[in-house]
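Both complexes shown next keep chain A, but they swap its partner, so chain B is in the first and chain C is in the second.
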Partner chain A sequence: MDPYEVEFIGENRIVSIIPNFTYDKIYLICGEFGPFRAGLPMNVPLWLAMMLKQKQKCRIVPPDWMDLDVLENIKEEEKRSRFFTKMPNEHYMVEAKLILGAASEDVPNAAEIKTIIKDIWDIRMSKLRTSMDALMKSGGGYGRLDHLTMMEINSAKPLLPSAMDYLLQIQMKAQKKVTQQSLLNTSTFSQSGSSQNT
Partner chain B sequence: MENSNYLSVTDILVTNEKIPCKFLHDLPKMGFLDPSAADNDLKAGTNVEIPLWLAESLYSRRPPLVSVELPKIYKDSYREILNADACTVDMHKLNQHFYELGCYIAKHDIKGEVANTLINTFRQRFRMLLSACVSTDSVGAIQPLSASERQQAADAGSTEKALATWLQRGDSVLTTANMVANHRKRKRAEMEMF
Partner chain C sequence: MDLIDTNIALSDEDDEEEITAEVVLKTLQSAWQNERLAPEILPHRNDMVECMLGQIQHMERNINKLPKIDLRASIHKMELSRIKFIICNYLKTRINKIEKYCIPILNEERQRMETGSNYLTPTEFKYAQEFVMNMENHVKTVVLSKMPGNMQLFEMNKMAEHPNLHSHVFLKANETVTGIVLEDLAGEDEEIDLEEGSQHILQYKPIADLIKNGKVQLI
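Moving on to the complex of A and B:
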């Protein structure tokens, strides 16, 4: 999948905006939103918020997690843990990129937040790489993808499944003669080995 | 390997590899198979290198006409190298279709060790795939990969590139701050504070 497709999916997340115009309810495929009252906060999908923001029709209320302290905690947690920690949002990268891109003046400490989100992203990506390698080394049976966001899963997508598929094919073709018993052994080993790695 | 169907070019190339075989019976008028033979007939016990597709069909006859021997890259000496550190091996030079050929060969290995070697080798070399798809020195990183590994690395590389362009796009690029890029300096600064 292309990152833009992931972005498209992420754009359906609801964010809070403060419109500066008044308008009736609008009816969209993804639901009805409104009525818009100038100055009153309301929830709309991210893509609509971006569109209104670009037309200078609203102010974006930054999500709760887009806060220096919260992100600092997440980053520390992520550094400390061997596993992936839960992100505040399934599409944190998409949301951060769009909101900070179009509405950085609405977010306090935008520059620092940008840096820290990039830090978190980098930590998680390098963790993803090491655990992919460890998973393959330990047997490549299966890996758990707890707390990985869609964008991150997408980045591992062509390589990891194709490598696991390839490994399975070698196993199937080359090990035809090897007894069922030893096959059974390797698969239980890889399960116990890989479950800790991801 | 997923394309090991009848018309797959990879599969045709793989099955065209020469495999050392020992003929078990006298074959009249087949002397031309052995370039060094003077006779018209092929004697039992001759060692000849024949393509895999021929060896397979001669082997599957009852009784088998040939016994298939392991090519040297699947023999003990090479297997030891691969088991020790598969990442040091230039697969492109060794055999471009190492895994695919190995799958065919594994059937003829009585001890079943070739299969394990193949699996171990691929597991160890996965690290090379990972680094090849992010590496900036793409020629150097891709060079030692086998044909199928190159294909996988190229696929992964294009996703990696797409992700990088996505991250770069727009007026507000989420970039690494200078402070983070100079991480060592940051540590030094922290140390100086104490």
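Moving on to the complex of A and C:
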């Protein structure tokens, strides 16, 4: 999947906004939202929040976790733990990117928050690389990845599954050789349509 | 004015069940995600696609009645574009797979049709048949007819490209599933459990059925 598709899925998350206009309830296919009351907070999907923000029809209420203290704790926890910690939000990176991109004036300390989220992302990515390395070296065909968010998994996609596919192919070839005991059999390395649509 | 029937009657041969548009959308989105990430073609969800297309048409008619500058109109249009994107991308992904693996898909589909558990919609099946036919004709006119007589045979099965069912995929368990057997080449099979909400990377083959019955979701 492309990152923009992951972002597209993340845009379905519900966020809180404060509209500056008053309107009745709106009945969308993905659910009903509203009524819109000027100055009162309400919940809408992220894509709608972004659209209203671009039309300057609302302010965005930063999610609870988009706070320096909370993020500082997450960062420390992430550094301390050998494993991935649970993120406050399944799509934290998408939400942070969109909200800080379009509505940084609605978030207190936006610049610091941006840096700290980037730090958390970097720590997690380096952990991910280390564990991918360990997984490959152990020759395993199975791994558990709890608490990784979709964007993080997606960033491992061009590499990890196809590396595991090749490893399996090599193991299968080796197995065949051992069972057949036929050293003269020079088989060409065939590439069977591995990992498409990633 | 309501732009939407929140309840859609989904007529399914014998039993008529009522589901909300919201549920249809959720089902479509997870079908799209699975189809994008699975190596082989999955059973079609044409019921959901048709149902959503009807809903979109209905809403577009109503939106046209609203004044152009109405905020509601632009919100609804935006949502419809998002849904159309999912549907288009879903159908395109299926067509790509059908073209790539047309020969094995057609062979397997013919067997499945006997048991009534077909994966392709009738239109997709027709498309696949025509695609193979055109390919055969093309190869025959361009190459084979110029070959010596004993080399003119079109060997369908040698042309076939198969999806790699051993490829590795990421998944999230929607519910707890126990006793997934991971084959090990050394003969030491490993058994694992997928707890609800947990995420894993493993081979597609042992979990293919779990995707088809919705117990796991590819991510």
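The rule is short, and it goes like this: the second predicted complex is superposed on the first by the 176 of 198 C-alpha atoms of A that agree within 3 Å, B and C clash if a C-alpha of one lies under 4 Å from a C-alpha of the other, contacts with A are read in each partner's own complex, and residues count from 1 in each chain.
Throughout what follows, contacts are C-beta pairs under 8 Å (C-beta built on N, C-alpha and C of every residue); 3 or more make two chains touch, one makes a residue touch a chain.
Keep in mind that what you see is a predicted model, and the values were worked out from it rather than measured.
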Looking at A:Asn20 after the superposition, I want to know if it touches chain B, chain C, both of them or none. Which is it: first, second, both, neither? neither
Quick check on the superposed pair: does A:Asp133 touch chain B, chain C, both, or neither? Answer first, second, both or neither. first
Name the contact category of A:Asp165: first (chain B only), second (chain C only), both, or neither. both
Touching A:Leu145 in the superposition: chain B (first), chain C (second), both, neither? second
Applying the touch criterion given at the start, work out whether A:Lys157 contacts chain B, chain C, both or neither, answering first, second, both or neither. both
Given the touch rule stated above, what does A:Cys30 touch, chain B (first), chain C (second), both, or neither? second
Touching partner for A:Gln54 - first (chain B), second (chain C), both, neither: neither
Let me test your reading of the model: by the given contact rule, A:Tyr4 touches which partner, first (chain B), second (chain C), both or neither? first
On chain A, positions contacted by chain B and by chain C: 157, 162, 165, 169, 171, 175
Okay, in this complex, where on chain B does chain A touch? 1-2, 99, 102-103, 106-107, 112, 114-115, 118-119, 122-124, 126-127, 129-130, 133, 148, 152-153, 155-156, 158-160, 162-163, 165-167, 170-172, 174-177, 179-180
Which residues of chain A touch chain B in the complex? 2-4, 7, 93, 96-97, 100-102, 104, 114-115, 117-119, 121-122, 129, 132-133, 136-137, 139-140, 151, 154-155, 157-159, 162-163, 165-167, 169-171, 173-178
Please give the residue numbers of chain A that touch chain C in the complex, ascending. 1, 5, 8-9, 12, 21, 23, 26-32, 47-48, 51, 55, 57, 141-148, 150, 153, 157, 160-162, 164-165, 168-169, 171-172, 175, 192-198
Using the touch definition from the top, list the residues of chain C that touch chain A in their complex. 2-4, 6, 21-22, 25, 29, 33, 36-39, 55, 59, 71-72, 74-76, 78-80, 82-83, 85, 89, 93, 100, 161-164, 166-170, 182, 184-185, 190, 192, 198-203, 219
